[in-house]
């Protein structure tokens, strides 16, 4: 387990020294959401109606933005193959990198969400549910995205390819995230939605590091 | 036992050359009879009128869309687990065929929807999941062709196909759930409980035609892929073979 | 002539029906054509390479 | 006595057979030098020994046990130096080295490792300021910073100057005196005069057999 935290700490340190990444993701998130009032008009009730969906979609795109570099840099400078040659199982390495990714991108998104909820006129009833669904949902996004990030290693066109691979897989998380918020706004119970989202996360926790490690192993075979 | 890389593909090539004419013949036969029944020998539906004829291509195409994805995922699994070279190529060759059928299912569905529902597209659960399936095919094909080494592309794409296969039921479930929340008002339940036998005949014939077509084109594509692999091996040998080996060791004869 | 026209109209929905069948035929034929072209091109290239191989070997043998 | 050995290896990569019928054997304190022209699979063999690649045929064993059975155990007893240096530009030399050492069960003094390659004066310099040769020294210091029995060195002398090669010679001699093994592909003189030489040219497949 010490290997896990060693890698998490190192990735956080790298993110902090290289700077920008977290800010970029949050800035993208905010700007993407702010574009919508310009697109659909400033009527408060229309914004309120679409707010949960817009915030979720923007969060999803923002989380994906930084995924391309999750393994890419370590792959290019040889760090990834050295990590595969440590006594730490590669699945643990992948899990550690996903954790660091979530801490540097998912968490800042969560912090920025209340501000955007106010911008988008989100009804008060949906406010905390939105934050809660993002808290449960963004780790799933990082986990699923890691598979895509591992698969594109060494390919010719990384970024665009990644979105094509990952976005369809994100749809379930998006559906349950948004419908939980909508349910809360119209006064329904959101327990079922949240439980399903938690279920998705629990299923992704073992499966995604495993698949990601498999993808990295075959990428290192070249 | 030394596993020779091209022993299997060569045997497969022989098999393919025998099957291929039969598959071609079956495709032609089923297509002609299927089209005859679908367009001439079957009556219009009392409820949907002549537009029911679209069903004879739409439904088999949707079946094939699902079937091809399953076949692709299974071939990918075989390729990953048993490292069977032909399985990799089969998965890779299935993808474009599956994508074409998926596109046809969407396109004909849209053409059916306009006269039936008065709109080209509804976010009905079935249409939506087929649309996502189409995206999964596109992602698979893009990944499989994104590497300089095709073997590497096949492996990466195989993992994606399996991840997708795990996800397809989840996506289906979530789309169904989503759809019941946002039920569009205009959807008419199609098909009905009992399907008349006069409609069943063209439906089955077209389904068989599509399946035979799949086998036929699949064999053509796999044959192409195998030969492309041989070409790459020959080219690589030109590059890496360099000067002829000095000492041909006796133990390395043809195995 | 009249009956053919009635038949082609398909009770007013002819456009949709013929477009569906047309799309099916065009796409399936197109995919078949592309696949065949690909397989054919590869086969030709392989034949050319195979033909050249004995020459290369013979030349190498002469040199050694 | 422990033995690191490979038996009847055949490797298929990038759609061609790189080598076949290759066997090797390296006892504790021993050294193996891989020779052969470009493209004969020296790097491939080292990656195979590290467990990054899987052989088409044949096994690699440590003390008689297949390394594929317990890959993490095998990782714990080897160091691999490949073509890439894996030096992070934003981390200092010490941070770079201590990260890799921290992932391993045994650790030596980082300062000793730096001193061994004469880069102790660079300890607090971020990686982005280092020259190619200095980065190489950092990579080599990494393998000193945590002891491991097997050193797999793929062209370790790339970008190294004469002084650094002397350092490498001394460290290899010390490593072997402690019972370590060195398997290297290089044409430079790195104190492996008594090493067994494995010429990969002998394991190429002939045209008709391939």
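Labels for the chains are A, B, C and D, by order of writing; each one numbers its residues from 1.
Throughout what follows, a contact is a pair of C-beta atoms (placed from the backbone, for glycine too) under 8 Å apart; a residue touches a chain by one contact, two chains touch by 3 or more.
What you see is a predicted model; the values in this text were computed from it and never measured.
Undergrad: Common contacts of chain A and chain C?
TA: B
Undergrad: Could you let me know which interface, B-D or A-D, is made of more C-beta pairs in contact?
TA: Between A-D and B-D, the larger count of C-beta pairs in contact belongs to A-D.
Undergrad: Taking the mean of the CA coordinates per chain, how far is chain A from chain D in Å?
TA: 37
Undergrad: Between chain B and chain D, what is the separation of their C-alpha centroids in Å?
TA: 45
Undergrad: Could you state the distance in Å from the CA-based centre of chain C to that of chain D?
TA: Here chain C and chain D have centroids separated by 51 Å.
Undergrad: In whole angstrom, what separates the CA-based centres of chain A and chain B?
TA: 31
Undergrad: For chain A, which residues are shared contacts with two or more other chains?
TA: 221-222
Undergrad: Would you give the residues of chain D that are in contact with at least 2 other chains, written as numbers and ranges?
TA: In chain D, 14, 207 touch at least two other chains.
Undergrad: Check the chains against each other and report every pair that touches.
TA: Between chains, contact exists in these pairs: A-B, A-D, B-C, B-D.
Undergrad: For a test of understanding, state which residues of chain A touch chain D in their complex under the given definition.
TA: 2-3, 6-7, 10, 13-14, 17-18, 76-79, 81-89, 220-222
Undergrad: For a test of understanding, state which residues of chain A touch chain B in their complex under the given definition.
TA: So the residues of chain A in touch with chain B come to 147, 151-152, 154-157, 161, 164-165, 167-169, 171-172, 175-176, 179, 182, 200, 207, 211, 214-215, 218-219, 221-222.
Undergrad: Which bits of chain C are touching chain B when the two form their complex?
TA: Chain C reaches chain B through residues 10-14, 16-17, 19-21, 23-24, 27-28, 31-32, 35-36, 38-39, 42-43, 45-46, 49-50, 53, 56, 60-61, 64.
Undergrad: Sort out for me which residues of chain B touch chain C in the complex.
TA: 35, 39, 44, 49-51, 53-54, 57-58, 61, 96-97, 100, 103-104, 107-108, 111-112, 114-115, 213, 216-217, 220-221, 223-224, 227-228, 230-231, 234-235, 238, 243-244
Undergrad: Which of the residues in chain B come into contact with chain D in the complex?
TA: Against chain D, chain B makes touches at 2-3, 5, 149, 151, 229, 232-233, 236-237, 239-242, 244-249, 251-255.
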